[in-house]
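One structure follows; several queries about it will come next.
Note that the chains are named A, B, C, D, E and F in the order they appear, and that numbering of residues resets to 1 at the start of each chain.
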Amino acid sequence: MNAGTGTRAGPRPATDARKRAALLVEALPYIRRFRDKVIVVKYGGNALGDAGDAGAGAVGSGEAAALASFAEDVVLLRSVGMGPVVVHGGGPQIGELMRRLGKEAAFRDGLRVTDAETLEIARMVLVGKVNRDIVSAINVHGPLAVGLSGEDANLITAAAHSPELGFVGNVHDVDPTIVSRLLAEGLIPVLATIGTDESGQAYNINADTVAGAVAQAIGAEKLIFLTNVEGLRADPSDPASLLRQVTAADLERMVADGVAVGGMVPKVEACAQAVRAGVARGHILDGRVPHALLLELFTDAGVGTMVLP
Amino acid sequence: MNAGTGTRAGPRPATDARKRAALLVEALPYIRRFRDKVIVVKYGGNALGDAGDAGAGAVGSGEAAALASFAEDVVLLRSVGMGPVVVHGGGPQIGELMRRLGKEAAFRDGLRVTDAETLEIARMVLVGKVNRDIVSAINVHGPLAVGLSGEDANLITAAAHSPELGFVGNVHDVDPTIVSRLLAEGLIPVLATIGTDESGQAYNINADTVAGAVAQAIGAEKLIFLTNVEGLRADPSDPASLLRQVTAADLERMVADGVAVGGMVPKVEACAQAVRAGVARGHILDGRVPHALLLELFTDAGVGTMVLP
Amino acid sequence: MNAGTGTRAGPRPATDARKRAALLVEALPYIRRFRDKVIVVKYGGNALGDAGDAGAGAVGSGEAAALASFAEDVVLLRSVGMGPVVVHGGGPQIGELMRRLGKEAAFRDGLRVTDAETLEIARMVLVGKVNRDIVSAINVHGPLAVGLSGEDANLITAAAHSPELGFVGNVHDVDPTIVSRLLAEGLIPVLATIGTDESGQAYNINADTVAGAVAQAIGAEKLIFLTNVEGLRADPSDPASLLRQVTAADLERMVADGVAVGGMVPKVEACAQAVRAGVARGHILDGRVPHALLLELFTDAGVGTMVLP
Amino acid sequence: MNAGTGTRAGPRPATDARKRAALLVEALPYIRRFRDKVIVVKYGGNALGDAGDAGAGAVGSGEAAALASFAEDVVLLRSVGMGPVVVHGGGPQIGELMRRLGKEAAFRDGLRVTDAETLEIARMVLVGKVNRDIVSAINVHGPLAVGLSGEDANLITAAAHSPELGFVGNVHDVDPTIVSRLLAEGLIPVLATIGTDESGQAYNINADTVAGAVAQAIGAEKLIFLTNVEGLRADPSDPASLLRQVTAADLERMVADGVAVGGMVPKVEACAQAVRAGVARGHILDGRVPHALLLELFTDAGVGTMVLP
Amino acid sequence: MNAGTGTRAGPRPATDARKRAALLVEALPYIRRFRDKVIVVKYGGNALGDAGDAGAGAVGSGEAAALASFAEDVVLLRSVGMGPVVVHGGGPQIGELMRRLGKEAAFRDGLRVTDAETLEIARMVLVGKVNRDIVSAINVHGPLAVGLSGEDANLITAAAHSPELGFVGNVHDVDPTIVSRLLAEGLIPVLATIGTDESGQAYNINADTVAGAVAQAIGAEKLIFLTNVEGLRADPSDPASLLRQVTAADLERMVADGVAVGGMVPKVEACAQAVRAGVARGHILDGRVPHALLLELFTDAGVGTMVLP
Amino acid sequence: MNAGTGTRAGPRPATDARKRAALLVEALPYIRRFRDKVIVVKYGGNALGDAGDAGAGAVGSGEAAALASFAEDVVLLRSVGMGPVVVHGGGPQIGELMRRLGKEAAFRDGLRVTDAETLEIARMVLVGKVNRDIVSAINVHGPLAVGLSGEDANLITAAAHSPELGFVGNVHDVDPTIVSRLLAEGLIPVLATIGTDESGQAYNINADTVAGAVAQAIGAEKLIFLTNVEGLRADPSDPASLLRQVTAADLERMVADGVAVGGMVPKVEACAQAVRAGVARGHILDGRVPHALLLELFTDAGVGTMVLP
């Protein structure tokens, strides 16, 4: 981002000017089209820290670089007039602090049983660590990011998922007012996925689900999942079967047929539901590709799987 | 707060109507006078949890009641048009988590030596626990509070206090834009006192000092410290020597003469500096008195020590 | 109203702080609730001057004190954001000037027969004397009150009540635009109840009726009658039968049953009609109680009779 | 004013089209030039009623016609975008009511000694009668006029002229806010010249002086006196010496030399002071000429005496 | 337009003041009525230049005087708050340049066959000469006129009239946004009647038809044709049969009966269609009468034929 | 510009994603930086038509393609929030029409002697042909371009260059109001370089000079000349001496030393003067390179010569 000085040094790049011009002609209409549109981006907790890492959840250098690249992309989107909203989880980091506090993790049907103490740990990690790391990475570029949890201005109202799971919540309602206002002021909301019920009791909620619910509630143009896979595959075991474009119906079939499994299920379901509810496009990208967000948004070909209604 | 229904039940109160009328005539001009004015309130970490309490920093029932009463006062101030900003610390809660993580605390000249791990713990506790508890207590009354840390939108720029202390910071600059905007939208900012430098490195900062710096930067009408003492005393050992009204010069003398000591020093210094810099009044109140904020703001007599320029 | 200086002198009041805090907690939600709401207050002509008094309608000292207290209340309502509109009559003062001009009064069914000369006298007294006294009493507190008659900006269009009564009018239409605009500018409209027809002919109209019609037309929150009785009684002869709360249907029954009589009838009818037409509450208060307006508006118990739809 | 229907009936006027076109070309630039400009017009009490008339100050038919024509002119000025402000006196009408009440008039140096009772009579007549008659005459054309006295919103602050004269006042200060706001809403303020001091005591003030003070305070474009003479004469006894154009200096000389005498003096002094203080033009017109206001404002030649700085 | 100085010189005009006042009272309500209304004026190409004149379409002195008078009227309308839009043709001037370029004119059913070269000539003359002459004549009075063609901001979308006629177009759609915006900024749009289709191909369109379509699209108050006849006649051969007022139905009958012929037909049709579509009045005037526009708009009698719905 | 549909077809491009991402990271900051900035682009008359072409100045297919590419670039700049202003000349097209009309061209010191007839021809060609062709080419993409000449809203006030040259003008003053307003409404002004003096007399002005004067008057960020050379050379005869970056002082020296000659002189002088007067950058580009504008604006290396203050 050396546009500041506007002086020129060094040789002209050897790249063919014709190709560069073509890419600009390709990209500019997307910039126009997405201007003032809200883009909800789910940024995966996996990319943020490595549970096996030494130290108390310190961000490793690879992760730091990935986060810095992601932050740069988000700032670029904001700078050309889009409204990026970052939603994040933090499972590995929660597990790490529980382990250090000698707290045993318990699971039921793949979901973590969350007692009061676990909830407090989750909340501290999500709001007080992961959220802070993302906010800081963005704000190196200027006073842009503001961290939120679903408790702020009652953004996310939650209800208990089931009595056995304790304080694991479902999204009951989303009031996106605070998000809209921060966007209107040119800021970048970064959202930790803790919600509350009316009595003020907090709940931990799946971040993929929250991303989808927020995208719907705010009328986003796009819902984007940055993952650590290349995209969706027709055959999970065949890298050549990567899908470039699917419909909500395709996604629903993939879940029903068991083609989408594990952590991909909430992403796929959130995409399907969001595009059915008016979000123009869903995207499942490989967050490991540098600047994947830019390539997906501003080029015809994109880099992952695009979901249409 | 039963103003919602406007129906009447039960007997008229025996209280003399004349006294009640007199109090209203006394209070209403203060409401007019402070309308649209910013009131920065430092809420003490001591009141929020009891380090000796069982459980992971759970809020005891006495503390919960005090917090609920404080939250009600803040919501009432907001509802009659003032702009309350809550600033909080959380020393006891930080100590508690460190103890549980088996982390030894080290001090130099009364200040905690803060290495990277200590900082991360402090940040998790302040932003992910204490801040959340206050936000939740307020939002029981409606979608009003929004938690912030000094990292959000680069609200507080910090610099290291001294190399020996690690990541203990001083306030270098305050950009109150995000606070002002939230206030303008009828919200209540709740501020955890973590700051960052330009590289994104976080620091833990004394909450009394931050409260004073924010009050100055935003042009507050009042800077209020809720403490666990009755107010300032001319003679610390004599309860009868409680001061109702002092000047900035008085305060500076009290620090120089060693009359103000310990945790009272940063409060006294922040008050003196703030009123010299344009904040109309400082106040040091006893947060244990129910609705101390209302009594101080809306009655002629007040309940604590008021600081004039 | 010594809120201006913000310094403190004299001892703390002996009153229990807990009771004072409770009253504030009780009053503040009403202030929030009525903010930006219009409150139409009918102020009785009886309170303004004493026909038996020496001098040409000079305001006696008791009346002057009552008017000053009323003016203070109205200014306080305005200062905390409500929109008070004062409507007044002036029967005794009209009678006094007629007597001095040697003009005989004639009545039919309790209504004054109003020829051209009587109308001119009434208009001079209402617009040029009573209205002025109220405006002046308010404006001692600042440039707040603006006197109006129904002729200004065609606020009240009137029609003759009956040929036999001459220029006694009924309300035909209310255009509250000028009242709304003065309110929007932070002013206090004070309204003398002269109306005109389309040809510019003036009429004298019952002030209770005008107060009700204006409250409806402007969408007031409340219509308040300040009278010289304690409130409505179930049994007019039994002071212990004072009603704290009635419905429009109750009122209509009281008129039909002859329980409400004399000057109370137009007040009761105006209240019933207004709450049926959307005014949230009617109130009939004892204007002799100091600060009756404040006690009725800002305390749960109130001081008079409240009318619900 | 038959522009409403836009249909045509009857023969074309014999008047030469060329002359009519020339007058339009002459008038339109004045309309552009005075658009959004404030025009303060002093309307003489003499024209409103005839002290010798039978009845209680009833407006005679000649006076009614003159008032109707004046009202039409004022409405036309307003309709093409100017901001007319009417200021009026009412000496003859005050004298008439005093006579009817058997109150003896006393004079000192040509000024009426004004005790409390005289003041009350003057206020009733000016605010409750003369002001009302003008407001009604204008409002036949629509909801345009709003009557004011100097007490409203503390428009005119007065001070006693001299102890001997009682409640005869001088203008101490003018706060034209309420006048400006009514003008901004398309209304026509009509001003009775009662002022008050800070304690709320009313005073009767010379209307010519008030007209000049209001014109200065509001930054009027023009100050116009409608009188019952043709204009200013170089030689008061010679009709042929009518002056079409004079300067402030000329006026001051005329007062010093005794050429201007009697009731003309305050008009001449007000004009001189106003144009020296930034009012662009003063005008002294013959109010008996039908539509004198229009002819003076919209034709090159005008009909009276124009005053330049 | 000597309103600028506001000083007076020379004798008062002998014209009777009463007549002058009457004309002002007549004209001012029209000014109020038409304020902020759009007036579309078709200015005839015939008046702009004389094909028989020496030189390349130079404007003769008679034409220059007529154009200057027209420009003055348009500026006066603008100055008193109306929104004049000028639409013009330029047939004679096109013919002149074709003759000079040795290009043969061909006609079919009275319409000029327009090949690519003819179109280019027409466009150069209309946009680059006639439009410029009108803009310049207006802008002598200030920076007011802005020339447009139907190509600008896609103001007029056209379609081919018939294959045989080449680039003669019909109005397919009007997007009056650019005209409205220029009007809103106090400017005077001057419109040459070239349109384009979606591919960017230009067409020459009858100016009378465009004037009508623009008046409808923009919701004009009036559509005025300045012609070189006195107005419409019931009997074309009888000057005494001039019609002062007709309806759309009358006009349609005149076309059907062959009473309206030749160049009058598109004017008559445009008027009928416009008033049926919501334009309040159509007018057909004699542009040779000096200031015909002012006389028609601001006097009861007018100077031509007025068309009602 | 296929961004409209957002569906994907065909294979992913072979181009390395890393390079594409790098170009986006390079380009986006420029888009942010130039947002809401005015970019004045001088588009050469040479590129628009070929004097040797058959037909009356018809645009040849090569020229049409260049114009279409230029139009696309301008529309893209507008679509991402910049404010492009196009200024054009048209020398060859003027010469062509003169030749066809049998008008002999005369020159003095390289400037065309311009009599009244020549001026009229120039105005018809520039305003009625060249300007129209550019407007049409842009408006194929939407209702964006509005053609202007310097006569519109008195945009360019001119004065005669010298008596011998007739109606050849210099820029005397620029009033950019109309340009700013069209930009503020999202439109693209296209400016033909005819100016007028106060009497309405038109002049033909050098387009390079006008571009520079407009850029200064409007406070443009950039002044760009699209030429038919690669850029400025240190040695005009050596293609390898192309300069990538020069200062105003360098340019002034090149003119003084005779390095810049012919048609390059006014461009070089306009650039030097503009950057000295506050325009941030001047650019001299090769308009024959497809999308030269985009490459110069959005890449670090650019494609021509950049001028710094």
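The rule is short, and it goes like this: contacts are C-beta pairs under 8 Å (C-beta built on N, C-alpha and C of every residue); 3 or more make two chains touch, one makes a residue touch a chain.
Note that the coordinates shown come from a computational prediction; the quantities given were computed from them, not determined experimentally.
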Between chain D and chain F, centroid-to-centroid distance (C-alpha), Å: 61
Rounded Å distance between chain D and chain E, as computed from the means of their C-alpha atoms: 45
Mean-CA-position distance for chain B and chain A (Å): 34
Touching two or more other chains - residues of chain B: none
Chain contact graph, described as a line, ring, star, complete graph or other shape: ring
Going from chain D towards chain E, every chain in order around the ring: D, E, F, A, B, C
Chain C-touching residues of chain D, taken from the complex the two chains share: 55-58, 100-101, 116-117, 120-121, 123-129, 131-132, 135-137, 139-140, 142-149, 151-155, 175, 177-178, 181, 185, 187, 194, 196, 198-200, 202
Contacting residues of chain A [partner chain F, same complex]: 1-4, 6-8, 12-13, 15, 17-21, 23-25, 27-33, 35, 72, 76, 79-81, 244-245, 280-281, 289-291, 294-295, 298-303, 306, 308
